[in-house]
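See the structures that follow.
Each of the next two complexes has chain A plus one other chain: chain B in the first, chain C in the second.
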Partner chain A sequence: MRSGRRRLNLAWLATIPFFAYTFLFLFLPAGSVLLGAFKGVHGGYTLGNVRVLFHHPYIDAYKTSIEVSLVTALLGGIIGLATAYAALREGTPKWVRSIITTFSGVAANFGGIPLAFAFIATLGTIGVMTQFLKDQLHIDLYAHGFTLFGKTGVEIVYLYFQLPLMILVIAPAIDGLRREWREAASNLGASSWQFWRYVGLPVLMPSILGSIILLFGNAFAAYATAYSLTSGTVSLVPILIGAYYTGNVLDNPHLAQALAFGMFVVLAAMMVAYIPLQRRAARWAK
Partner chain B sequence: MAYLELQNLHREFAGGVKALDGIEVQLGQGEFLSLLGPSGCGKTTALRLVAGFDRPDEGRIVIDGKDITNVAPSKRDMGMVFQAYSLFPNMSAAQNVEFGLKIRGKHKGERASRVGELLELVGLGHAGDRYPHQLSGGMQQRVALARALAIEPRVLLLDEPLSALDAKVRVQLREEIRRIQLELGITTLYVTHDQEEALAVSDQVAVMNRGRIEQIGPPAEMYSRPATPFVAEFIGTMNRLEATIADPDSGTVEHGGVSLTVDAARGRRRGERVLVLIRPETVELTPADGSGGENTLSGEVIAQTFLGPVTRLKVVGPAADLIADVSTAKAATLPIGMKVTAALPATDARVLELSDPVAERAPELDPVGQ
Partner chain C sequence: MKARRGTAPTSYFWLLITGAYFFVPLLATFLFSLKSNQTGKCCTAASYTWVLHQGDFWHTLKISLLLALETIVISLLIFVPTIYWVHLKVPRLRPVVAFLALIPFVVPPIVMVVGLLDVYRGTPSWFYAQPWGFLAAAYVILAFPYMFFSLDAGFRSIDVHTLTEASQSLGASWPTTLVKVILPNIRSAALAASFLTLAIVMGEFTIANLSAFSTFPRFIQAVNEAQAYPAAALTLMSFALTWGAMLSLLLVGRKRGTRAAVLTGAR
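Take a look at the complex of A and B:
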């Protein structure tokens, strides 16, 4: 005989580790950063830390970080999209797709000191490629003003993981483009360009925008690669935060927290700009 | 003169798979031809060649006297309706219909009035603003039809457009397609694996098997005078009796030790092995009274399948197993387990040469279940 009492559902207990983890390692540090950003060196609350963010050198660090992130997100996004489409489109041999997706899986997660050293060994002042170009093709990159250890160098190195990340995140959307749409467009008289203009790109646009935001955030928060490559000579916000936290020369954790708070604000602003764009691009999917 | 001609089309895919093996079709202007056949028979390949999405290894496609075999799909002026999910998801129903006109640089006012007309024609005048995901499968296919018709194509191509729809909508929409086709007088090539659908809407039906056309003709002729055992079984249901010509003068054949008279067997060679094909609706069943009779086989009813106005009975006997369609009222008097006598018609049976009975059978067709 069944008892009239409802059975206690304990399945939700399995979510406890997740919530405990996010509380301890996401919400608690984020809350601490937010509060710390408004604290002074000698205690008490102040807007001073946030106010100085609008002055040199902090405002320049934000500009550089945003520029590096935008350039690598847009370039990585465009080249990654084109590469992913070329690899996944009908007619491309399956082994090409397999190689590109496998490489992307590895490269998108390659960063920090190993990546910086890999580029120094390749495109550094005595890097293999630098020497090859100089000796075999008589192109001296460094004599023409190029340096791997400046902002352009950071952008080149970031593209190494931005591009494959784009390939990985956009691939499912490209797979979702149905052959029938292309054939129907062609049947109705559309050229390949017209198909992309009226159908392909609009259908992919929500995914492209989402991926570019992801790439922006990925570059904006990167620290170890840029630091290892430039030893901190390129002023990026994460490098400044590191400098203020480690306290080698400067020790002001509250200013570091204010800089991190500024990063939240930049990312939030990006999201605010992204949401209406995304809504507009995906209005047909509602 | 034929408006659309497929001349000796051959297409072989990687791995030596012969999708088309010398297709010949001639279709008059305004005619509706269905390519009918089981999966893998080459019907969709033929349609894709006509649309220009694929090229034949050999042969020509001629429309209105002009060879279009190597013309790009975008320059062929053909409207195509795909199996399903071919509407552009980022465009409303009206924008989908408008697409081909926009590409052709038609004036905005002209586009709007044409889109309105076509949506009305397919019964969706009220749904122009809806996006594809807001439309049912049947509505989406109506929009796809309107989109294909918008460009006033020379030929309308339909690739199993109803296969993803439920039975009721399928019947409704196929009638709509036929009505619109007749109204516009548009030459139409329709691909389907559903023989009922093909017979219901077509002027001509071409039954395909293994990349070849087995028979082409009007639906009634295909049903009543199938040229091959494959066609006979693919279109409708047939009783198949393998027999030997005993007397060519009287049309007597022998099957399982029983002599039967079949008019169509007259004039054939004595001793020739033949296949006698009899439609279930021409078999007459009566309760067995032990007297037998001319052109009869005896047996026992072992199954009844209710089909509405008629009931299909399966009769198993010492000489042959038969299927008979009788009125549902009469079926009530012939219950399962009853001994019956089956009278076979001398005039309505078809006789075909028995070449390769196994290979000639239409695939996936159960004589009772079909």
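Take a look at the complex of A and C:
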């Protein structure tokens, strides 16, 4: 992989701490999970653990996880894009831009336990919003089948970190949309729709798709938020894996590793799609 | 298409929708935190005083803050030289480093902790049984993507070659160049990465929970399960902590006139 020439000028030696760390704390643990997925309970290697994943209840957990990730990535992506554009376009006051980008920088890292509770305080059974709707507008959410503590609830809460993440990652691309392009299109008689159809969206598309893939991975990997919100009742893959290690259901630890392996496969596929998109998006950067 | 004057109506629409969605849960949590534990009515600050009188609150907060500090120092020591060299000497390695730094997005913490526990179970207790060992090691990995993106953007925005050559032709050694010339120029990027890392460590639950270390987020979860109104107060305090980290970052940047760079880095 690395040529002898590069070895000779020794430049890459300075990167050794990074590669060593990556090996010790990323590859070694990942390798142990991947190998574990193919180990039998009584030793030896087997495909049995992975085969089980395609049956109830594991396959359903994957479906739920993928659905939640897809829904929040798409919704977060679309609303995030619209919000980012609204905040960054000309005519919007500078302070709006500052607030949105700063807040996104923070909110993308809101998550887990406090976020789950913020929504319990808002839309939970005795949440402020729930009570307000019930008392003031006579809309009883929970009587109409709504619950925060299921799949829909998890999606609503996930959007709180998906949206700002989208704003953060798409903002540079939107900034890259040259004002001159818009003016040129306008001078040539293009309508706003035509500008977006033939210039704006095609330029932004790789960035948008790349960002949505990031969002998907972000939701797919999340554990703490759903765990805290639903007390582990929503069967997402991470929750299932967590239950194997925190609960007393360790009859076959390799099954949990197989579940983890399944997550790898889904997320690795996402990564493979992300890299060429990122490369295409970079074309317009300078 | 007219020249744009003032804010477009569609902009108002999206900013209002998103603004409300961002703001309402924060407001609701605040109102919730003011309710009395006995009557469930507004308004009392009892929840806040309750939290502040918990010994575990201060204890776990201290552990998490020290953990964040340790994570930041280790991450910077790993990433600054690496990215500097990659930009200066081996740009062809950049995609490799970028790919590796991105992997923590692909390896969810829940999977990572399972693997880490498996690999390091037998190691000496000064590492395995201490948050400063095992947990910090895991948190550095979590910081990877943020460190890389911030610092890489920082290095891309400066002319590494010219700065290095100028410094060296004036007789500076490699360490001097790195510390006195490069570091001040990527300071805002490094700060941005540091504050993001602080926010991550102060909120991380999955790894701490499965490896059973008492960190601040685990304390919050314990309160969530037991005390509804104090939990709201604690949630807001936790948000304020993250918020404060980012605001101080902005203030530091503004003083130096590098606000734009900070915002870029903060993304």
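As a convention for this text, the second predicted complex is superposed on the first by the 250 of 286 C-alpha atoms of A that agree within 3 Å, B and C clash if a C-alpha of one lies under 4 Å from a C-alpha of the other, contacts with A are read in each partner's own complex, and residues count from 1 in each chain.
To be clear about the criterion, contacts are C-beta pairs under 8 Å (C-beta built on N, C-alpha and C of every residue); 3 or more make two chains touch, one makes a residue touch a chain.
Keep in mind that what you see is a predicted model, and the values were worked out from it rather than measured.
Of the two partner chains, chain B is the only one touched by A:Trp181; chain C is not.
In the superposed model, A:Val33 lies in contact with chain C only, and not with chain B.
In the superposed model, A:Ala107 makes contact with chain C only, not with chain B.
In the superposition on chain A, contact is made by A:Thr15 with chain C only, not with chain B.
The wider contact with chain A, measured as residues touched, comes from C rather than the other of chain B and chain C.
Contacts of A:Ala190 after superposition: both chain B and chain C are touched. Contacts of A:Val203 after superposition on the shared chain: chain B is touched, whereas chain C is not.
Residues 185-186, 190-191 of chain A touch chain B in one complex and chain C in the other. Per the touch definition, chain A reaches chain B in the complex via residues 178, 180-181, 183-191, 194, 198-199, 202-203, 284-285. Every residue of chain B that touches chain A in the complex is listed here, in rising order: 51-53, 72-80, 82-83, 85-92, 99-100, 102-104, 131, 133, 144, 147-148, 150-151. The touching residues of chain C, counted against chain A in their complex, run 1, 4-8, 10-15, 17-18, 21-22, 24-29, 31-33, 40, 77-79, 81-82, 84-86, 88-90, 92-93, 97, 99-100, 102-112, 114-119, 137-138, 140-141, 196, 199-200, 203-206, 209-210, 217, 220-221, 224, 228, 231-232, 234-235, 238-239, 242-243, 246-247, 250, 263-264, 266-267. Residues of chain A touching chain C in their complex: 6, 9, 11-12, 14-15, 17-19, 21-22, 24-26, 28-33, 36, 79, 82-83, 85-87, 89-93, 96, 98, 100-107, 109-114, 116-122, 126-129, 159-160, 163-164, 168-169, 171-172, 182, 185-186, 190-192, 195, 214, 217-218, 220-224, 227-228, 238, 241-242, 245-246, 256-257, 260, 263-264, 267-268, 270-271, 275.
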